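In what comes next, chain A is part of two complexes: it sits with chain B in the first one and with chain C in the second one.
Here is the complex of A and B:
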């Protein structure tokens, strides 16, 4: 009975704390309170894996090329693009434009079709009718030569159909959907263009130049992860050996390198990256280099510090006493004992690098302007934030998700790999 | 036990500190004879370990050998390049460290420690040959050969210490410096380890410098004993002789302060005072502030480190056994 008391007390304490704080802090402290480490790694692992799959196989997920105009501008997420459809009296059997075709013998082979003046539907109708007519002429028994009647308003055009003045009307699907309630006797037919391209719609809408936002996000994953992994990797490859050598050798070399790294570290990160990309010019490689330079000191400092402490351990002295060379001591004794902390920083650094990369392209630096990149999308969309909220929201969310995934993974790994840090 | 294997001549090791150099080893001369076990005893901080490391020139950071010669196999180690020195370490000079728990690399298998030692010095050996040799070696030391694929943390303290000594004898080192090898072992394991040490010494004709603060260990295994105090040697001699008739007041005090069941309730002897600060050592004999037999000359002039009788290997640094220079006495 008494043995259980402390546990009960502890539980009550965190429950109390839980009740006092808001949602955000609850999430942040979850792992300390409930020991939810594995979750962190599991969830973030699945997310990271997902982003990796998307980055490696963007073609599987994106329907359109990221840099081509594939639809109308500013289409809201989920909305179908307006297409010219055929509207006729319900029960008339007129669904497709082809249904208007009449036999070659009929003198009056010109069914009246209503359009609204000033809208592009008339042009679409004429073009499409010509195409169908040409096809029909080959077989020879039917023709399609509609006579186009123009009306000033949509209501007039639809009223004409309802009254039987014209056989059918061709109007934009969006306009008809909005107006359909007034004309219960009319029914919407099919898209007269017969093209299936736009039929699926745009999941996340389109941007101001008619590009599919979802496809851009999918292709942007590749750029984001490339920047993240490559720059964190380059920083690791440069920073770790420098830290090992400086920490192990000590003396003047150590002081010089530390001074250099500290001065790099003292710079505000984004400003340094801006300066470097401004000098190097826009290309993805230069962005990687600029961000890598930012993170070299992080690795250097951690590895140097660890090396300083590990090299005082008795087993390093023991290695010296068996005549091991400095290279062998660094490689086989110090480096393996320093790795755990490196893997944690690597994961967190990827997240940081992606964020910095997005920041750079948001500022219009670094990446060529036609690249499918989240930062560029946010930058372009901010102009239209009031009229087209999705242009900034979804790229922003994508950045947030990917950064969250990598940060969570780093944090989770910290706890699993380095349980001593748990109490901090 | 004839010729010296390793001769230390006027060795001085200094630690650089903010307040000036601290002489942890001060002008020490000592011969280690071929095939003997020499016990080096003293209080914590008297410079024993510093001396042990200096013998392999293993000093880093603030410690520096500032004077002296180290003659090993007719070579002065102080004049060797660091490359040649590295070749000697592990092949001719071996070291066993105090704490077997931390002296093996936690991320390396035991077998890798052993093969690394061999392959570093015998690059022409194949990995397989080195592994076979390692298996033989650990079996000789009473560890099952299949255990060499374990990581250090899977082994007990005694096993690890045996692995450490197998590192030192892997290539038949001439001199093994054992720096408090049994301090962190319990008494039963300690006794076994000491037996093993003696056995190895016989079988491999090892010369062992056994650094310890445990008088009992020295009495058990050492042929000769050297007593160190505040960076200086106080007394050197045959173990039996020194223990039977300690001459230096410090040695006498040290032996009296060992707990003994025969004391019969009488209070254990406590030496007066504390070990001196090596930054500002006392003038004259360093032991004089704590010495029960202190004389005027002790604080003025340092005693020589001379044989008790001419030609005697038993040597003591104390004015009690030396003729005092008349002039100095007159001044005081």
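Here is the complex of A and C:
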């Protein structure tokens, strides 16, 4: 008892001291409580939590479905998609398509609107004008029935507006932006489609088939975390009991298993996974199995090593002497001792598994080709790296952030659960 | 003569000679270690080969049917299966497979020119070697310098910075790092080429002896070719080397820190030797011993990384070959390449352990 007294005193002093300092200081001192850099744990914890929320509720964050074509192809991050807009002489007051509506004598003076031959703007104009016309007929006596004049080139169409041959032109906003300098007297009006949905642009741009990259990344979180958790989990369920049994039983079984596991451990993981998925064929389940196989040895090695040292302890001997069965000794006396290491490996394994899974799908193996997966997105974007840098950059960044979160968590856990490493 | 045989002559014979020299001149403990280690390699090769066999033959899924597609002619499927002996009992297949591994008889490619797979591999193996060795050296240099630096400035900004570096670099997908380097240094700045091993114009004039282009261009005294080869090597090597360096930084740091706490370091400090000399000369030398073993363990990561790096940089090595053959559903070639990787792992880890036993005389069986 006497040996414990100074420790108690020290603890009280420590608590008093803590009560005096502010919250920030207290957090800073947390380093000493856990023997870990609290910020490492805090940052990774927040990141992991964030990714989990995104994975469970992708609909909250993504505006579109991952395989839905929602915009033009290759739209740069933040850029606005091209929409048909109304172009008229500045000062004419024509901004919206509705402004072209005229009175009942419209039959004789239908407003002429220029479009460029061969572009979809003419169709959009006709459809939209019809919709507006129908609405106008209900409410009043104005009509909107523009007469569409077709020109061969954009310049001709715009020149016609500038010369007053036509009242306005309907052209793509991107085309007009590029050409506006040549026609200083013209001004861009509003989007004629009247839809504001795509007007906000796409945060991370669109890919080669017009899908929203950000939405794909959000949905891809699900696949990445599923592969990570499931394969690390399967490996844990297989590796831990094997390690416990081999370490406790020893003998021939132990030597055989160890040789097997060491060989498996030495084999380049990705290459084995490539082989397994190449034989099994593409499906997410096969990927999980292939990756899980790679990580069984990591659990096995650690658990076996700890079992070997723990089984020499006095309390295990005591349990043996009162006649406890091997099963209950493993379960009640040895297994609790290996839990801390398992949690560290689990976290690091999730990170590894996500990386390996991404590598597999980058190579075009494992996942079905239409999956919203980051590795697949990088692989597809590689083809367009010269023109569309965002297609490879952001999915890869997403992989890195998730892996970083789990690696840091493993790092933090190591320091909390394994105080021997504290001074390293 | 095939490049593979030449490489064996260049690397294998001196290695063998060195081994025999060590064996004859070494202590009896060392001799015993080497014999035991070689003896342990055999079951490892056996298990690795069996693993490959298990994956390729016993897992559900029929490679031939999937190669020819669902509309494949049943007669053709049967003929190819018969030709490859896939209808024999598994035990017979297994025995034949192990025999083929021992004799390095990998059979012919199923598609394309139906060339012997060994020939194809021996053309590509040097390319992989040319990528992997400089990358490993780069990782080692970065790792040792970084690790020693972090250890000597422990718990200061440099240390934390390097720690963050090693965690972050570990988390970067290697293919993405390659693509980012391509984007920045290849496309934006235009400094380095982003694919292949050598410019096509220079390539035609270069006589290939070993197919390790660095050596070939020196042998041919062709400096234009040499420059081109080095320029092509920069980005792939940097990709693979940077990814690996994180682990080496960590390990060197831990080992140097542990060594710095030893008594002989204290004694050196007490004699008034400058701290820099103590860290870099006294501590680092002993701390590096475990790093040697780590190289052996990193071979797996190195080879897996090489597969991805080669794919990103269109580097015509073993990894790219593997990926190509998988998409061509060339079953013999895939099995052979994977077996070859397994053999490489076994041989390199054997070599590393022997080197380790020479560096650290305490390691004996």
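Keep this in mind: the second predicted complex is superposed on the first by the 337 of 424 C-alpha atoms of A that agree within 3 Å, B and C clash if a C-alpha of one lies under 4 Å from a C-alpha of the other, contacts with A are read in each partner's own complex, and residues count from 1 in each chain.
Throughout what follows, a residue touches a chain if its C-beta (ideal position, glycine included) is under 8 Å from a C-beta of that chain, and two chains touch if they have at least 3 such contacts.
Just so it is clear, the model here is predicted, and its values are computed rather than measured.
Peer 1: After aligning the two structures on chain A, examine chain B and chain C and state clash or fit.
Peer 2: The answer is fit.
Peer 1: Contacts for A:260 in the overlay, against chain B (first) and chain C (second): which applies, first, second, both or neither?
Peer 2: So A:260 only meets chain C here.
Peer 1: Looking at the overlay, what does A:317 touch: chain B (first), chain C (second), both, or neither?
Peer 2: In the superposition, A:317 contacts chain B only.
Peer 1: As a test of reading the superposition: which chain, chain B or chain C, is in touch with more residues of chain A?
Peer 2: Of the two chains, more chain A residues are contacted by C.
Peer 1: A:39 contacts which: chain B (first), chain C (second), both, neither?
Peer 2: Touch status of A:39: no partner.
Peer 1: Can A:337 be said to touch chain B (first), chain C (second), both, or neither?
Peer 2: In the superposition, A:337 touches chain B alone.
Peer 1: Looking at the overlay, does A:328 come into contact with chain B only (first), chain C only (second), both, or neither?
Peer 2: first
Peer 1: Nearest CA pair across chain B and chain C in the overlay: distance in Å?
Peer 2: 12
Peer 1: In the superposed arrangement, what residues of chain A touch both chain B and chain C?
Peer 2: The overlap between the chain B and chain C interfaces on chain A is empty, containing no residue.
Peer 1: Can you check the complex and tell me which residues of chain A touch chain C?
Peer 2: Those residues of chain A that touch chain C are 259-260, 262-272, 274-276, 278-281, 351, 355, 358-359, 362-365, 375, 378, 382, 385-386, 389, 392-393, 396-397, 399-400, 403-404, 407-408, 411, 423-424.
Peer 1: Please name which positions on chain A make contact with chain B in the complex.
Peer 2: 250, 313-315, 317-325, 328, 332-333, 336-337
Peer 1: In the complex, go through chain C and note every residue touching chain A.
Peer 2: 43-44, 47-48, 51-52, 55-56, 59-61, 63, 66, 167-168, 170-176, 179-180, 182-183, 187, 254, 257-258, 299-301, 303-304, 307-308, 311-312, 322-323, 326-327, 334, 338, 341-342, 345-346, 349
Peer 1: Quick one: in the complex, what on chain B touches chain A?
Peer 2: That would be residues 56, 58, 61, 86-91, 93-95, 97-99, 102-108, 112-113, 116-117, 120-121, 164, 167-168 of chain B.
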